[in-house]
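After this come two complexes, each holding chain A, first together with chain B and then together with chain C.
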Partner chain A sequence: MTAISTPEPAGVIHDIGYRHYDGARLGRGHARVALTRHSLRGAFGLGRSFRAKVMPFVLLVIMLLPAIVSIAGMALAQQRGPVIDYPNFAATMSVVLAIFLATQSPVLVAPDLRFRVLPLYFSRPVTVGDYVVAKVTAMSLALLILQWLPLTVTFVGELLVNPPGDPGTGRYLASMVLSVVYSLMLACLGLAIASLTPRRGLGVAAVIAFYLFTTAVSQVLTEILGSMSQDDSAGWALLINPFYLVDAVQVWLTGASAAMGNSYPGGASGPVAALGIVALTALGGAVLILRYRKAASA
Partner chain B sequence: MSTVAGISYRMVIGRRRIWLMVLLPAGLIALAVLLRMLGSADERSALMLMQIFGVGTMLPLLGLIAGTGVIAPEIDDGTIVHLLSKPISRPAIAITKFGVAASLLALFGALPAFAAAYLLVGMEAGIAFGFAVGAFAGGLAYAALFLLLGVITKHAVAIGIAYALIWESVVGVFVPGARNFSIQQWAQSVAFQFNTSGFFTKPSVGIGFALIAIAVVTVGAVLWAGQRLRSFTLAGEE
Partner chain C sequence: MTILATEGLTKRFPRVTALDTLSVTVTPGVTGLVGANGAGKSTLIKILLGLLEPTAGTAQVLGLDVATKGAEIRRSVGYMPEHDCLPPDLSATEFVVHMAQMSGLPRTAARERAADTLRHVGLYEERYRPVGGYSTGMKQRVKLAQALVHDPRVVFLDEPTNGLDPQGRDDMLRLIRRIGAEFGISVLVTSHLLGELERVCDHLIVIDGGKLLRSSAIGEFTGVTQTVTVEVEEDSRPLAARLGELGETVSAAGRLLMVKVRGPETYDAVRDAVCDLDMSLIRLEQGRRRIEDVFRGSAAEIDETGQAGRTHETTSAAASGGVTV
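Let's look at the complex of A and B:
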């Protein structure tokens, strides 16, 4: 028996059972839809722990409270009109929408940044643009659900109770369109601010700080200018609050009353507010694209 | 202890968090300057600025950012285990971190409140001094409360803003009884004590109740946070 045999080959590729993917390649469009769907579910904590669901669903229930009060009120008093008129719903409930935006925006953007998985996304057919569009779409849809559900419940309630007078169909439809504007603007702003930090807690604080800061500045200036009886300047100061930008456009286009008893300055304020909305939305979108271009290369 | 304090300071000041901490008081002072230029530097404007912006907006946000900022990032990253493995008593860690948060609130909250009110009315009617003391007292309670929240839950900031916005701002407006459990109202009550201006409507919370409440919340929350740290378990990512 010879002691020395031929040496074993140095490197062996063992078959450890990796399988090839032979199915259909669904491509970029499918990836976009999947990412949007995943993000939208994440915004409501679906597919996550119970704790992640508490905040979004509590806020959804709070959004539905005025609808219940309105329907009960219309049934008992036999009078037309919800407690908050349809087109003023979002601006009146701005606190709830802002808290939802602040708590859920970081949920959508922070983990991918924190765990540095973005280069993995972008090694697939998904581009930076696709990623940003998917996230903005998901957040906008989430905010839309938060507005469309109570608006529609109220309207259906109004039709069923059918108190004397004409139903507010026109105002309801206007509010449905208006909520698209609110959702898109808020989603772009909220996600842009949240994407600046990989920490969820800080992202929440930053988004709510933006809302509180603009609200407080606009409120202080409006009240002080109003007390100096400079009503025109006071009206302009209202427009520092992004929610009132959309409300001012609503007043300009539909001629309905403003939310919270506000009075916006006449004349140019409507078009200026519309420009402001476009500018804020575009700014948010641009920040997002730049942020993710940088993250993709990091 | 100074090391623990140093780490905590660096965690808030040395990161992006500081931009938020600077932006809010900068906004307050900018508003004061703007109001001065508009020619409405009177007691009424000063009070409105302090109540709506100073105590109503800036203070809870700063409390949230500083209070959770001194501990939550460490828990998030898991680096807190290094601190907890050292032979330092856990309550002492909580007290040190509270001290850091409180000093930051004094620097970024109470001091700018004084400066902004001083810009508008000088030392008139005790507004500047009153709101500086009020903001400091409220800041203590906020720092302690949000520090405790940061130790208890990973959703500290979300719960904190729900408290500050829904409970203090919305429920407090409709339900007078809710104001008794609002740190903002306690801060206003303290500020009212130094006030001699007729424009300041008497806060609904008495000074005796406010002082006791601030003391109880501050001491209780810091002690509870220390207690929680003694039996601390790191939870994984969701």
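Let's look at the complex of A and C:
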């Protein structure tokens, strides 16, 4: 093989020539982890411009505000329990979580669609399933950070302040498990909606519209049915809001109080809500798989 | 050894037949895949990558069947798509490192390979800036780098010279030649311009309407008839007449004369004729015949699309290969 001399810019003294790579070639699992990591960094704007970091970090700070208020409150009033009880934290802060989901889901999926990066993934060992799993995992982890951080800060604060009474360890642990359910369901829904359009702005609007629509419909129906004294139906109407689905399951399983002073209908509502969560998550996942299967062959 | 082989490969879309019982074999080296837009080049590459399923027929890459061994093929193949495929907010380095990891390289190795590969394609300090601010030429280099970063055994380059100016086109073609010759990676490169592939390919496949028009080594295309291009400062007609008298076959192309080379005596004849007529010789250039000429007739449509590229070809060939007196 002869080296063909090419004009080199000043400063490069010699070309050591092409070297073949004979190191390790890892499997799809490695690629999945790398894509998850890459997407998670993207969700918080790490490695991107300053502008990309503003939104996720502002929302993270807002999520931490109740924790600070709770710790201060417990220290001053010497009373047990944060302002928002642990298991009710996500449902109470649903607006912030929804905004994060709306602004960051398109960040994870839109560029690959819009700038047609997908063929580069699918011409590698990465499969559609790997891609979807990595994206959902990354978004779920981002949402988990948003919940686990304030929950844990509050709990550590409670232990340090140590006001009279028993610490809420059980409720804290339940909330940690609960947030996994929230994260997975929201990630699947948010990414599925965002993946339908290559435009980021449109994706943000679509996810927010979905949240506002379900919230508004459930709220209005609950109010109307409540004013007609049909309390049972009013309770069912609450479950149109995906956040309250998880909250209803929480009430069913732990027997704790509901978020925002809601009262869910007794009896079947818990299992029905659990089924609803599974159905919504599966629906989101299926939409994602179908969407990317179509994109892969396009 | 065979890099890839197809047998009766057919792909029908609801409204068009993109590939029609195509059977080709590609050996190591640089292979050009030529055809007009819509001839089925991109479809063929997508089938070879296992991204599209053929309607009928079989295809093998590196001896692996695309229908069953798609994952294994994708591990040892690099792909540079025709269209833009770069997210603008990432730097070239970050993007290529990421793509190396997607091919299974560990993180440290991915970094080293990305730095090496970007250097080989000619991206230096600018590789730390977001890709969004790059010129078309630089973007093409990043696209090429991501196809090479995992040191594949074969790369499929889909229209790599698309949208480049003559200089960028030359750089890209030189790079492709290096990949084949120096890096030892087999290349399948598509273009709708016949002329530009002649300089870099060992083998050429011409398809039209999804059908194979011709597949043969580059020498068979251009080696048959050698010509020498002669340019003189004065009117070239007397020279043409004189050469005709000396028994040479001459055709005029504008100010230039194309003289068919019979043997070394042709060059002597040109020299003597120019001396006798007391003319000033500007250029005496050994020119292989354009591939378009070979295909005139059988691929008239391709020839038409080839015209656009020929202007560039002539100027650049004159700049690089011309003998100026």
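To be clear about the criterion, the second predicted complex is superposed on the first by the 279 of 298 C-alpha atoms of A that agree within 3 Å, B and C clash if a C-alpha of one lies under 4 Å from a C-alpha of the other, contacts with A are read in each partner's own complex, and residues count from 1 in each chain.
One rule holds for everything that comes next: contacts are C-beta pairs under 8 Å (C-beta built on N, C-alpha and C of every residue); 3 or more make two chains touch, one makes a residue touch a chain.
The structure displayed is predicted, hence computed values, not measured ones.
Q: Examine A:Ala296 and indicate which partner it touches, taking first as chain B and second as chain C; both and neither are also allowed.
A: The answer is second: A:Ala296 touches chain C but not chain B.
Q: Looking at the overlay, what does A:Ala102 touch: chain B (first), chain C (second), both, or neither?
A: After superposing on A, A:Ala102 lies in contact with chain B but is clear of chain C.
Q: Just chain B (first), just chain C (second), both, or neither: which does A:Leu26 touch?
A: second
Q: Pick one for A:Ala209: touches chain B only (first), chain C only (second), both, or neither.
A: After superposing on A, A:Ala209 lies in contact with chain B but is clear of chain C.
Q: Does chain B (first) or chain C (second) touch A:Arg48, or do both, or does neither?
A: Both partners.
Q: Once the two structures are superposed, pull the chain A residues common to the chain B and chain C interfaces.
A: On chain A, the residues that contact chain B in one structure and chain C in the other are 48-49, 52.
Q: Please name which positions on chain C make contact with chain A in the complex.
A: Touch list, chain C to chain A: 46, 49, 51-53, 71, 74-75, 77, 79, 81, 83-90, 94, 98-99, 101-107, 109, 113, 116, 120, 122, 124, 130, 146, 150-151, 174, 177-178, 181-184.
Q: Please name which positions on chain B make contact with chain A in the complex.
A: It comes out as residues 16-17, 20, 23-24, 27, 31, 34-35, 38, 40, 44-45, 48-49, 52-53, 56-58, 61, 64-65, 68-69, 72-73, 76, 155-158, 161-162, 165-166, 169-170, 238.
Q: Please name which positions on chain A make contact with chain C in the complex.
A: Against chain C, the touching part of chain A is residues 1-4, 6, 9, 12, 17-21, 23-28, 30-31, 34-35, 38, 47-49, 52, 111-112, 115-117, 119-127, 296-297.
Q: If you look only at chain A, which of its residues touch chain B in the complex?
A: 48-49, 51-52, 55, 62, 95, 98-99, 102-103, 196-197, 199-202, 204-206, 208-209, 212-213, 215-217, 219-221, 223-225, 227-228
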